[in-house]
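Chain IDs A, B and C follow the sequence of writing; residue 1 opens each chain.
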């Protein structure tokens, strides 16, 4: 105990030293003023003292859990067990669906708009979950595919007057094609190189969109993009928001259905196996190139599709919407929610998007918290809030088949 | 010809900075096979601390190159402390975890540190006080290479010589090389591997801070975001030279610096970053081992 | 007698260099139908590297690896990707267990069925009747394999939670799921207690006799090797130093020296 307190004290002093110049001094070299914020020192000391105490407590707890797991004990939480109960899952889904459907009737346009953006992130998270969560391909430029979809619609709409509904699948397919084209050269790369190269792709996309003005109208972007049409009728702003909300709900359900089927299929298993151990996977007769490419391109498909919806929702896009920070947010959704877990990713998207939205005071610290959350999750709960539910199968086996043995 | 020389020295200056930062990537990667995503942020923190020291000094009326040296020393101390802490907090608990875990932790740290500086200081660019005087003896060649460039070149050169001596001649350097080659073996022969890893982070961070201070005083401004692009470019340099190889990092930095400088000078500067990333993709797909790196087969 | 039997695998003068190190030095070896052959030798002799070359993980520096599937034309395996080698009917296990830790035991085996099944992305999304039937077949055949290696009770556990010996057996089941006619086992008894080793002895015989799968195994447990395998090949410092029946190997002075030399080293 005393030992523990002493250690926390040392850590706290260390962090006071560490944060001294950046937290205490604020110098404005423009106006030649220095501000000394001595109070911050106290806050840092207090916070790091408590955090270091917590940190060590969590570490020991994690060690204990590991020991329990090694002895074959139950390490799943109550929530996890509840979620693995099928009948509960169906009931919960019914309730959620109902809530989602009446939401815009109960709340106003502003709330619906926020909900739409959260749902966009749900689809983005589920798409990225295919490549990162299932296949283990760390994609840091995912936002580029989102941008490709958005620009596809904006440009097709601007030049050829194509409508939302035709472009929705086209956007997905273009995203997918980009995934294939970009994926090809980088398939042989190791995991961490892949991360850096995809990061590069994301940045290249933004730079090209900023500079290739004849195509993309440069940094000023494209405005007056059509909203989705509703049987040719003109909708009021409120109605069209509700309409987009329902489209988004449908899109989310579609995404969940498809990704769930993929996950529990022959292809999905190959993705997971590839994530777990590439060498064992290829030795089991699985074609790495094809498996990687399919995961990467299918992930891109969803981003492209929801990109179309994004452009039609905001009616204005420019390169500034497609920065690395966006990719990082989507990645934190997947990491926080639980890599590979569909339910987890949905929950992650709602937490990460809605929390800062409803806690305005907190929104400034949003990215700080995301970054910290990624580190903390990796150390203390790498499986995310909701770890992947294990799939069970029905089988008869030898005994069921041959009755003579 | 003069234009060519100008670009040549411009590229050399730029490249030597890339090399300084790339060394940190390469040394860390060589030992724990991790792309330390937050390395660019360490560089930024180094630059920022230097800005704070230099800013406070100039506001209180002190100036001159000695202030720059003081700022650099404090920046190096702080960057090393951050690097050391970074490894202890975010990477050490993840040794032996699945390969994506430390990488994601590193990305998280990078985002965290960026926003920490943003919130603790300011989102705006702050001007860095001009502390490098125009040396009189540089007058005749000033249109090709200026005094700040000279300071950068000399500093990086000295730093790299010191680093080489450290690694080649000292006992610590020997332990570092042993750990890089085979961590388990090094542990067996009594090397304190944890300490060597910490030390690697400290040295890498110190080098990045030197780079940060030099760039800040050369470009003349600093903000919380400068580490990101510099980090990615330096990483490109490290890969270009062959990640894990120290001479490779230097060579990669110089090649990248020249490539960028000449491409911007003779072609167009709009697509400078595209060009860098294009180069990165090209090397990684065609020759992932880089110029000087050895292709290692993974043991099965 | 061995000459009468169909030759399945024929390796001629296989050589593998790592930079300056010659890990395998022109080794030749054959495996015939119905055989349980063994490859033994001191640590670092190059046995695993030999396996890695045959299964396509490494591309050998020199030599020929020929596969003669029954009733099909001969194929040269050099330079083929590992998945192609597996598709051709040659499966393997790993010395340092390489299961898929976060998949269930059953799913690990189901992965082995991948290359013998077809459902693609679109059909996985549509999940038509054919796909559902194929899935059910994968599950059934995988479960039956688990029964064969005695792991059916663990079917829904995560493979990382299995005890060591069970993990080794799971690797065998997973390899068998790819329908091989030749199975390469890299130290299947490593880390097993005597009882588990005895069970493994039974299992390997069963695979050889009932499933008609030929086996080539690397093993340090001499009792096991001498008991079940014939012929035995011995490697030392990358070179093949002896081959023959268990009795011939026991009596071979070179082999005795190789192993004694190792013991005095240790």
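Just so we're on the same page, contacts are C-beta pairs under 8 Å (C-beta built on N, C-alpha and C of every residue); 3 or more make two chains touch, one makes a residue touch a chain.
Predicted, not measured: the structure shown is a model, and the values here were computed from it.
A comparison of C-alpha centroids places A closest to the centre of the full protein. Set against one another, A-C and A-B show the most C-beta pairs in contact at A-B. Each chain gets a centre from the mean of its Cα atoms; the one farthest from the centre of subunit C is B. Here the spacing of subunit B and subunit C, counted between their Cα centres, is 47 Å. Taking the mean of the C-alpha atoms as each chain's centre, subunit A and subunit C sit 40 Å apart.
Chain centres here are Cα averages; for subunit A and subunit B they lie 30 Å apart.
In subunit B, the positions touching at least two other chains are 300.
In subunit C, 57, 94 are the positions where the chain touches two or more neighbouring chains simultaneously. Among the residues of subunit A, those touching two or more other chains are numbered 279. Contact residues of subunit C toward subunit B in the complex are 18-19, 48, 52, 57-58, 94.
On the subunit B side of its complex with subunit C, the touching residues are 294, 297, 300. Listed in rising order, the residues of subunit B touching subunit A in the complex are 33-35, 45, 48-49, 51-53, 55-56, 58-59, 74, 78, 81-82, 85, 89-90, 93-94, 97-105, 107-117, 119-122, 126-129, 228, 232, 235, 239, 270-271, 273-274, 277-278, 280-281, 284-285, 288, 298, 300. If you check the complex, the residues on subunit C that touch subunit A are 55, 57, 81-83, 86-87, 91-92, 94, 98-104, 106-107, 110-112, 114-117, 119-121, 124-125, 127, 131, 134-136, 138-140, 143-144, 147, 152, 155-156, 158, 161, 174-175, 177-178. Residues 69, 72, 258, 261-262, 265-270, 272-273, 276-277, 279-288, 294, 298, 388, 390-399, 401 of subunit A are the ones touching subunit C in the complex.
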